[in-house]
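Dropping a structure here in structure tokens format, bear with me for questions.
In order of appearance the chains are A, B, C and D, and numbering begins at 1 in each one.
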Amino acid sequence: MVPLNHYLILSAVLFSIGAVGVFTRRNALIIYMCIELMLNAVNLTFIAFSKFLNNMDGHIFTFMVMTVAAAEAAVGLAIIISMFRNKETVNVDEINLMKG
Amino acid sequence: MMLLLAAGTAAGILVATTLIGPKKEFADKMEPFECGEHPIVSPKLRFSVKFYLVAIFFVIFDIEAVFLYPWAVIFKDLGIFGFVEMMIFIIILAIGLIYVWRRGALEWQ
Amino acid sequence: MFYIIGGVAVLSALIMVTNKKPVSAAMSLIVVMFCLAGIYVILDAHLIAALQIIVYAGAIMVLFLFVIMLLNIQEKEGRVAKHKIFFQFTWILATGYVFINMVKLIGAGDLPARMEGNIDGFGTTRVVAEILFTDFLLPFEIASILLLAAIVGAVILAKAKIE
Amino acid sequence: MEILIPTIKLATIYPEIIITTFAILVLLLQVFPTVIGKDYLGYTSLAGVILAAIITGQGGASGEGGEAIYSFSNMWVVDNYSRFFKLIFLLGTGLTILISIKYTKDEGINNGEYYSLLLFATAGMMLMAGGTDLIVIFLGLELMSISLYVLAGYVRKRLISNESALKYFLLGSFATGFLLYGIALLYGATGTTSLKGISGFISEASFGSPILIMGMLLLLIGFGFKIAAVPFHMWTPDVYEGAPSPITAFMSAGPKAAAFAAFLRVFIEALPSLQGIWVDIIWVLAALTMTIGNVIALVQDNVKRMLAYSSIAHAGYVLVAFVSTDKLGVASILYYMLAYTFMNIGAFAIVIIIGGKGEEKINLKDYTGLAYRYPLTAAAMCLFLLSLTGIPPTAGFMGKLYIFSAAIKSGYVGLATIAVLNSVISVYYYMKIILAMYMKEPESSVQHSPLVFTPAMIIALGLAVYGVLRMGIFPSAYISMAQQSYLSF
């Protein structure tokens, strides 16, 4: 049986990859993909704990996290679309009219 | 064990072809194939937003369906309480559907 | 078995972050999703594994590919201005370092007492359903309102003309 | 096997049900051509807010005894604490609706979805305030944030509105990622997600295992993003400036209070025994937030951006009260939040009036000589700014006094002095506006279009002015209400 720690390490690594990705990438879409990756890493932590704590709350929480991620994806991509409609770029660098 | 073997051979062959196979990448060869003529329009054509809107509705109502799966499993034991609970869920999302439909987001022409 | 899948997941996550073309980044994210579904099966979370594939790999990634296609993004990652590279490089180091020892910390932590006994049918839908529709009634209804708000929001922002 | 059906006390969530039904009602009215014209949608949503406020005010299920009533398998509570916060949210939303009725007509975004999303955001906030389980708090937070992402980017043709929505979305969901990871680790360490369960587990178990501390830190980061404490405040100025003004007013009052409500409840109810750790962190956060918020505000000339930084500074002041986790501290936070809602939304109302169509006139120079042309508006703006600084007769002064006394009583004299110093700094940049209004002559070069006052706007301003003065001059009623509403569990 693989001890719990390994699952936690895997999810922490995925989470860190996602977080680093959010800071280094400039394409808004890929930034959101990295955030989606982070949410998946959190789901993995929930399921790992739920298995080792032997109670089912973890599954319910993952259920809810998935619906939230889907709703957020729908809204977020709609924002990116409306952004693209005005200005033909998705790069976060070029989107800084309001520096100050 | 069998799985490893199968995966191994498949990967092996793949790697072999990429390594050994002749690779000449000159412009014509890399263009998307259009029966010999040079492609006129770039294949990545832009398509309008309504395709995207339908994708969103698919995602949202897919989640609704996902909530129905566990409900169907224990429908009998829940009795009236479970039924009312799910009806509230369905009605709220039906309102979403009515809104979208009346708002004209579903037109296709 | 877990180590293989875990390794593939980490690898494809790395590919996704460092990848130039958005489409292949989305593809590698889908690979990550499938690996995670595999891990959930190892953890006997069958319902969640099936869900992960249906919801994440199925719906959300389709949305991503749609948007990538829609926006027809060709431009490559432009070369970053000089000082920006330095700034980003230190940034990567900083967050990488913070998270690595986070990983160590989490890995080392002692674990709460493991409650004995295994609920029969640990990950099956029936057990999940029982809890979901009885104890967790309030989150269930809030989820429906959340989806309604998401639909309204998406329509307003994405629809071509709003009178 | 039979499944036990939990007893549901529906009465406990009447206010939320009302707000949601009104949101849906406004949505359907927008879509179906009905007798109510399009421009009355604002008033229907206002009716919903008032009705919900009455129900919350009169105690709903918890009766006058004020003791907490748990329901929904103890995930939901109706106690004085949550009722007080709900009144603050409803007040904020009501004022925002009043302000935005004229604004939405000018900007051409006068469709029902605007109001229904506003009501969805309020429902999300109320869920955050009343939830005693991490799941309910998380879902409420998400419902609120999603509605706000869309509202921030509502004026589609204006590029900065889009840009602020994108920034708010990216950083908001990034913060949610951290918050979730914190919740996951807390769940792992203690086995439950209910706040009571967590505190029970920690008190008897050995002192925090590394997972618990890590989870708490991540939770702190997630909430830090939401209340725009300094290390995580980068998104605030851009989003506040880009979003339409009524939404900025709403964002600076409602969601900030909701984030504080959940932040307070989680840290005081669930993690009391880890106090040693998080009190010092919050001490640092408070000091940083106040100083940086005030200092940057000094250099701003765009009034909206200045108010954004001042709202960061005010988050710092509330963190000062957070440090003293005793009864007085919590009561002072409640009081300050109510005062803050009044004065902040009032100030933004004036910014909207002067901003005019398309919101181009929001720089300092547009306020020059306002007193000569519109003495009443200038006086109201002056009152709000004085209250934001904390000058005696206003609610802001009482709020700050209350917070500083709570901080000093629990021994954080150092922090209180920093806070007082910051108030002095803030005097300067608020005075800049007042001076511009009163001292400088209106330059003829800048053409001033006549300011339009709609009845709704006048009611909003009147309410805000009344609130600021009422809480400033005879605050006893509100203080006792706040005192009674400390976390009674």
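Keep in mind that, in the parts below, contacts are C-beta pairs under 8 Å (C-beta built on N, C-alpha and C of every residue); 3 or more make two chains touch, one makes a residue touch a chain.
Since the model is a prediction, treat every value here as computed from it, not as a measurement.
Most remote from chain D, judged by the distance between CA-atom centroids, is B.
With centres set at the average Cα position, the gap from chain B to chain C is 16 Å.
Centre-to-centre separation of chain A and chain B, using mean CA positions: 19 Å. Centre to centre, using the average C-alpha position, chain B and chain D are separated by 39 Å. Mean C-alpha position of chain A lies 26 Å from that of chain D. Within chain B, the positions touching two or more other chains are listed as 49, 52, 56, 59-60, 62-63, 66-67, 74, 77-78, 92, 95, 99, 103. In chain C, the positions touching at least two other chains are 47, 51, 55, 59-60, 63, 67, 70, 102, 106, 108-109, 111-112, 115, 128, 130, 132, 134, 136-137, 139, 143, 145-158. Of all residues in chain D, those that touch two or more other chains are 3, 5, 24, 27, 135, 139, 142, 146, 149-150, 153, 156, 165, 185, 188, 191. If touching chains are joined by edges, the resulting network of the protein chains shown connects every chain directly with every other. Within the complex formed with chain C, the chain B residues making contact are 44, 46-53, 55-60, 62-64, 66-67, 69-71, 73-74, 77-78, 82, 85-86, 88-89, 92-93, 95-96, 99-100, 103-105.
Looking at the complex, you find that chain A touches chain C at residues 2, 4-10, 12-21, 23-27, 29-30, 33-34, 36-37, 40, 43-44, 47-48, 50-57, 59-60, 62-64, 66-75, 77-82, 84, 89-91.
Residues of chain A touching chain D in their complex: 8, 15, 18-19, 22, 28, 31-32, 35, 38-39, 41-42, 45-46, 48-49, 53, 55, 57-58, 60-61, 64-65, 68, 71-72, 75-76, 78-80, 82-83, 85-87, 92, 95-98, 100.
Remark: chain C residues 47, 51, 54-55, 58-60, 62-63, 66-67, 69-70, 72, 74, 125-126, 128-130, 132-134, 137, 140-141, 143-145, 147-148, 150-152, 154-155, 158-160 touch chain B in the complex.
Those residues of chain B whose C-beta lies close enough to touch chain D in the complex are 74, 77-79, 81, 92, 95, 98-99, 102-103.
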